[in-house]
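Here subunit A shows up in two complexes: once beside subunit B, once beside subunit C.
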Partner chain A sequence: MSIARANRMTPYLFLAPAGLVLLIALFYPICYMIYASFLDWNPSQRIGEADWVGIRNYVKLFSDDAFRESMWVTIKFAAVVVTLEMIIGVGLALLLDRNIRGMSVLRTLFILPMMIAPIVVGLMWRYMYHPTVGIFNQTLTSWGFEPIPWLSDGSWAFASIIIADVWQWTPFIFILSLAALQSLPSSAIEASKIDGATGWQQIIYIKLPLMLPVLIVTLLLRLIDSFKVLEVILVMTNGGPGLSTEILSIRINRTASEFRELGEAAAMSNLLLIVLLILTFAMFIYNKAQELRAQRLRAAAEDTE
Partner chain B sequence: MSQPSKVYDRQNPAYYALLVALVLMAIGPIYLMLATSLKLNVDIMSDSGGLLFMPTLRNYETALCDFLWYKPEHLRRCDPTFGRALTNSLIIGLISTAITLIIGTMAAYALVRFRFFGRDVVSIWTLMMRMVPPAVLLVPVFGIWTFQFGLDGTRGGIILVYVALNLPFVIWILQSFIVQVPIQLEEAARMDGAGPFGVFFLVVLPLIKPGIAAASIFTFRVAWNEFLLANALSDRNSRTVPVTIVNSLTEFDIDWGVIMATGMLLAIPPIIFTFVASRQIITGMTAGAVKG
Partner chain C sequence: MKLSKRTVWSAAVAVSATFTTGYVMADGHTADVYEPYAGTTLVVNFPAHPHYNAVLEVLDDFTDETGIEVEVDQLQYLKMRERQTLELTKDEGDYDLIAYVVFSKADYVYADQLENLAKYFMNPKLANPAYDAEDLIDGYVQNIGVAGGKKGYLPGPTGSLFGIPFGSETSVLAYRKDIFEKHGIAVPENYDQLLEVACQIPEVEEGMGGMASRAASGHQASHAFLLHLAPLGGRVFDDEWNPTINNEAGVAAANALKTIVDCGPEGSQTFGPAEAAASFKQGNAAMFMDSIAFAAGFEDPSQSTVAGKVGYALHPEGVRRGSQTGGFGIAIPRNAQNKEAAFLLMQWLTSKEGDLKVAMAGGNPSRFSTYENAELNEKFPYSATFGEALKYADPDWRPIIPTWGKINADIGTTMSQVLTEGLDPQEALDGVAERARAIMDEAGYYTWQ
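And now, the complex of A and B:
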């Protein structure tokens, strides 16, 4: 009897340590944050001493131009970056999907930018964008052009952080779509070749539709990650000049450490979390729907046999 | 290469030109950082910039002076900040990876193998928690660690956050490896009298080594690279490398040579992992999106 009970307890024993850590170091802080977003709280106070202010933090945020600007910058950044990366990444995958020697070496080199620390990526790009010693301006001046104010002018700075992010994350989409391409059923492509489809027709009517499920998941993953970008921009511009590159995570960091408004920072974190949860949920539902569809197709195939 | 196992297609030269350009673009900035870290400041600041310079390890000597057995002659005083940060980073990275993997593998195993109430719920939560960015945790973790746990400024506090941050991903990725372990093996072991823990440690663990390798690389990388939470939670003695790099950047006069050397030192472990285990890393990256 006791052995049976021990067996029944086993899964819980295996789960307990992880569950405990997640509970106290992830779940509890998030609940704490939701509570803190209704407080007027600065870092020198214990949370018990902070005043309850209801939804004032949220009201203040939405009437705050700087916050709205930062929200807009975040959305603009995510949209531009993800669009560019999807186009370039998928395009390159379609172009490079050949049977060549050394493809694995190529993939290894391509994941380097994603593996090294975001801080270091920011450092490299800040150095390259440097007004006098940076490689871009040195090249420009040696070719007789005017140097560009990469990080010191608002719209150039926004373009600069986009270039850096595209450099870092396009390989992610490239590798995922290449994997998807190479797992496509070769019969469909062979059949289209026999029917005389041109390369473009193959891409548009066969490859892209078959890759679509993977592409959508990739897009959502990348979109979620693009809302999490912080360090690269922090090192390159720290949100400046002005508010031109101040995405939401940087604003949270500044509100907490510079303006010392923990309540407001918590309210912002909440909003960011809600956006991410919606995206994650969309991905989850999409995955489930795909699984169900695959099951139905399989069942249908078995019925006809 | 005596007997090629695969026949490769011939491609036209433009294709190879494109490949070379892409590779240059991908590793160019990293090469530039390496080159800068090997230059003297005179060479960095000179307009000719260019490819011709005498490589020197002086910047690395400055950064690592604490660990050197000799005294670099160009240094008047050794600044131990970076050496200390490197030690902290290593300790925090290794310990948090070890803890995450041990409890993460156990949890993933339970989620895959045992049918019990709430498994789906746990899976969904795991997926959700995976999406929580460090920026969102900044405020509550700072508050709780400082006022309730009294863990601020210690390495233990930072390790705890990193374990929590990495667990969901580790559980998620290891599930896909554990599913592939044939259940018959486990049943055979149980027949021979092994308890659940015996089955887990003696049968399952050795079979999912590749998964554990991938998971540990991802975990170590997050702990090694993370800045925001480490910045909020550390004090002078527990700062990690990313924090010291950002701190030295805020100074007005940036010593590019030394800072690039520290950046390079921070980048080296992930670069080594990439070359050693690129296959596992790619598997880990594609695990969620591409099936099979």
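And now, the complex of A and C:
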């Protein structure tokens, strides 16, 4: 009797440590952040001394132009960056999906940017964008062109951080899509060849549709990541000039350390978390839908046999 | 005071060793006041800053004289505040002495996190009668050390002392003597001349900007704007805390900054202080108007191509003279564990001898007597000009109140929009004033109106 019960309990006992870690490491901080977002709390106070202000922080955020601007910059940034990275990353993968000598060396070279610490990436690009001694402007002036105000003009600065991010994260999409390409069933591709499909037709009608599940997951991962990017932009522009590159995570950082409003910063983080949760759920639902569809197709195929 | 018997013994040995070598302090007072504290290790938090780099060079002398060890935690100056805020809210802090940026004064004192220094200066066992506090530069003491006076941050009968200025700064105009001489340009004494010269330089000297100034979005742009606001007759708030930043003087200051940046070296719009100074050091700008702390770097041939070619003049006059007051002070946290020993270090560093030692190593003096010292003037010929500039140092060039962080950031972002996106200065400052009023209202500054 008791042995049977102990047996039933065993899985839960094994799960308990993991559950406990999850509870302490994940739920506690999140609950703390949610609680803090209802407080008027400055860093010189202990949390117990902070005043409860209800949803004032949230109300304030939605009427705050700077926050709305920063939200817009973030969305714009994420959209542009992810689109560019997807196009270039998948394009590169399609180009390099063949047997070239030294391919493994090339692949390592391609993913190098991803391996560099973000602060270093930021510093590196900042020096390259330097108005006088930076390599870009020096090259431009030596070719007789006007130097470009890379980081000192709002629109250029926005373009500059996009270039840096694309440089750093395209390899991520590249290796994932290359892996997807190489695991495609060769039978389908061979069949299309026999049917006389051109290279483009192969890509558009065979490869891309087959890669789609991987591509969607990659896209969502990058999208989530691009909403949270901080260090590179912090080092390069610190959100300036004006608010032109002040993405949400920089705004949160400034709100906490410069404006000393921990409550408001927590409220912003919660909003960011909600946006990311929606994206994650979208990914989850898409995966589920794909699975169901595959099951249905398999079932249909089995029926017809 | 946590001292084990052993440390007291070893301290006693150390002190008697000091005595046997016959060491007597310069003011004729022996080191025995330090005896109870010898062997203590003080943990101090200093910024990475030329002044505090100089301090590091003389700290060994302190340990030799007193037997008190000092462990220094050095941080970038804007990062210090975050760290200190965390430390100061603990029950038992790790820091015994902190250097704080002047605008942190309001927050720390308001949150009751700094020791009031009265009880230390009243304690005959600790206070050195030869300290001569009158010799400390008054503008700095009021601006950096005193809180609770007029408007809460200005000198006044209700103020009291929480810190001592150390590594304080004012602004001067550094200019290239050779360039000015070559083109027969006179050193600007007022703002009209300054702006004219700033835009004349790029015309007469190919590839050289007029004046290198900080202008990066945020704190830097705000700092640069305020630097011109005070001499041009403006203030951020009037005496009733009504924002006056958008009056005529405010617009004039914004226009001045825009002119300076437009005629400045390439890429000025994103300069922080270090980049602006580097641009001047590399000979890309003919003028640099900022803190005196940069002067030592300009004169160092290993990092500057313009060493020996730089002249220094007072911050030009607008409708009045008003150079900045800023930099650092040192204070004892309320939760420090070795407060008395920390006071002794504080007193030693800011004493006449300590101040001179630090100044000779390249730091910024906090005392009038140091500025008048012949030896120092010989080593750093600009010291006399700096001493003169201090007479006009304006403690009210920016408000030091708990809401300042937010207003400062807003001024900085908006000013950056004026500089880079062509936002109209009047419109920009009207916006700042409106938002500042809302922030002040929320913080209760209009309760009595």
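Everything that follows uses one rule, which is that the second predicted complex is superposed on the first by the 261 of 305 C-alpha atoms of A that agree within 3 Å, B and C clash if a C-alpha of one lies under 4 Å from a C-alpha of the other, contacts with A are read in each partner's own complex, and residues count from 1 in each chain.
Everything below uses one rule, namely that a residue touches a chain if its C-beta (ideal position, glycine included) is under 8 Å from a C-beta of that chain, and two chains touch if they have at least 3 such contacts.
Owing to the predicted nature of the structure, the values given are computational and were not obtained by experimental measurement.
Using the contact criterion defined above for the overlaid structures, shared-chain residue A:Ala79 touches neither subunit B nor subunit C, since it reaches no partner. With both structures placed on the common chain, the touch criterion links A:Ser257 to subunit B and to subunit C.
Of the two partner chains, both subunit B and subunit C are touched by A:Arg46.
Contact with subunit C, but none with subunit B, is seen for A:Ser152 once the two complexes are overlaid on the shared chain.
Shared-chain residue A:Leu15: touches subunit B; no touch with subunit C. Within the superposed three-chain model, A:Leu273 lies in touch with subunit B and out of touch with subunit C [touch as defined at top].
Measured by the number of subunit A residues touched, the leading partner among subunit B and subunit C is B.
In the superposed model, A:Ile224 makes contact with subunit B only, not with subunit C.
Common to the subunit B and subunit C contact sets on subunit A are residues 43, 46, 257.
Of all residues in subunit A, those touching subunit B in their complex are 7, 10-12, 14-15, 17-19, 21-22, 24-30, 32-33, 36, 41, 43, 46-47, 92, 95-96, 98-101, 104, 106-113, 115-121, 123-128, 133, 135, 138, 167, 171-172, 175-176, 179-180, 183, 214, 217-218, 221, 224, 227-228, 230-231, 234-235, 248-249, 252-253, 256-257, 262, 265-266, 269, 272-273, 276-277, 279-281, 284. Residues 6-9, 11, 15, 18-19, 22-23, 25-27, 29-30, 32-33, 36, 44-45, 47, 49, 102-104, 106-107, 109-111, 113-114, 116, 122, 124, 127-144, 147, 160-161, 163-165, 167-168, 171, 196, 200, 221, 224-225, 227-228, 232, 242, 245-246, 249, 256, 259-260, 263-264, 266-267, 270-271, 273-275, 278-279, 281-282, 285-286, 288-290, 292 of subunit B are the ones that touch subunit A when the two sit in their complex. On the subunit A side of its complex with subunit C, the touching residues are 42-46, 66, 130-132, 137, 147, 149, 151-154, 237-244, 246, 254, 257-261.
Subunit C makes touch with subunit A in their complex at residues 81-82, 85-86, 88-89, 107-108, 110-111, 113, 216-219, 221, 265-270, 284, 402, 405-406, 408-409, 413-414, 416-417, 419-421, 423.
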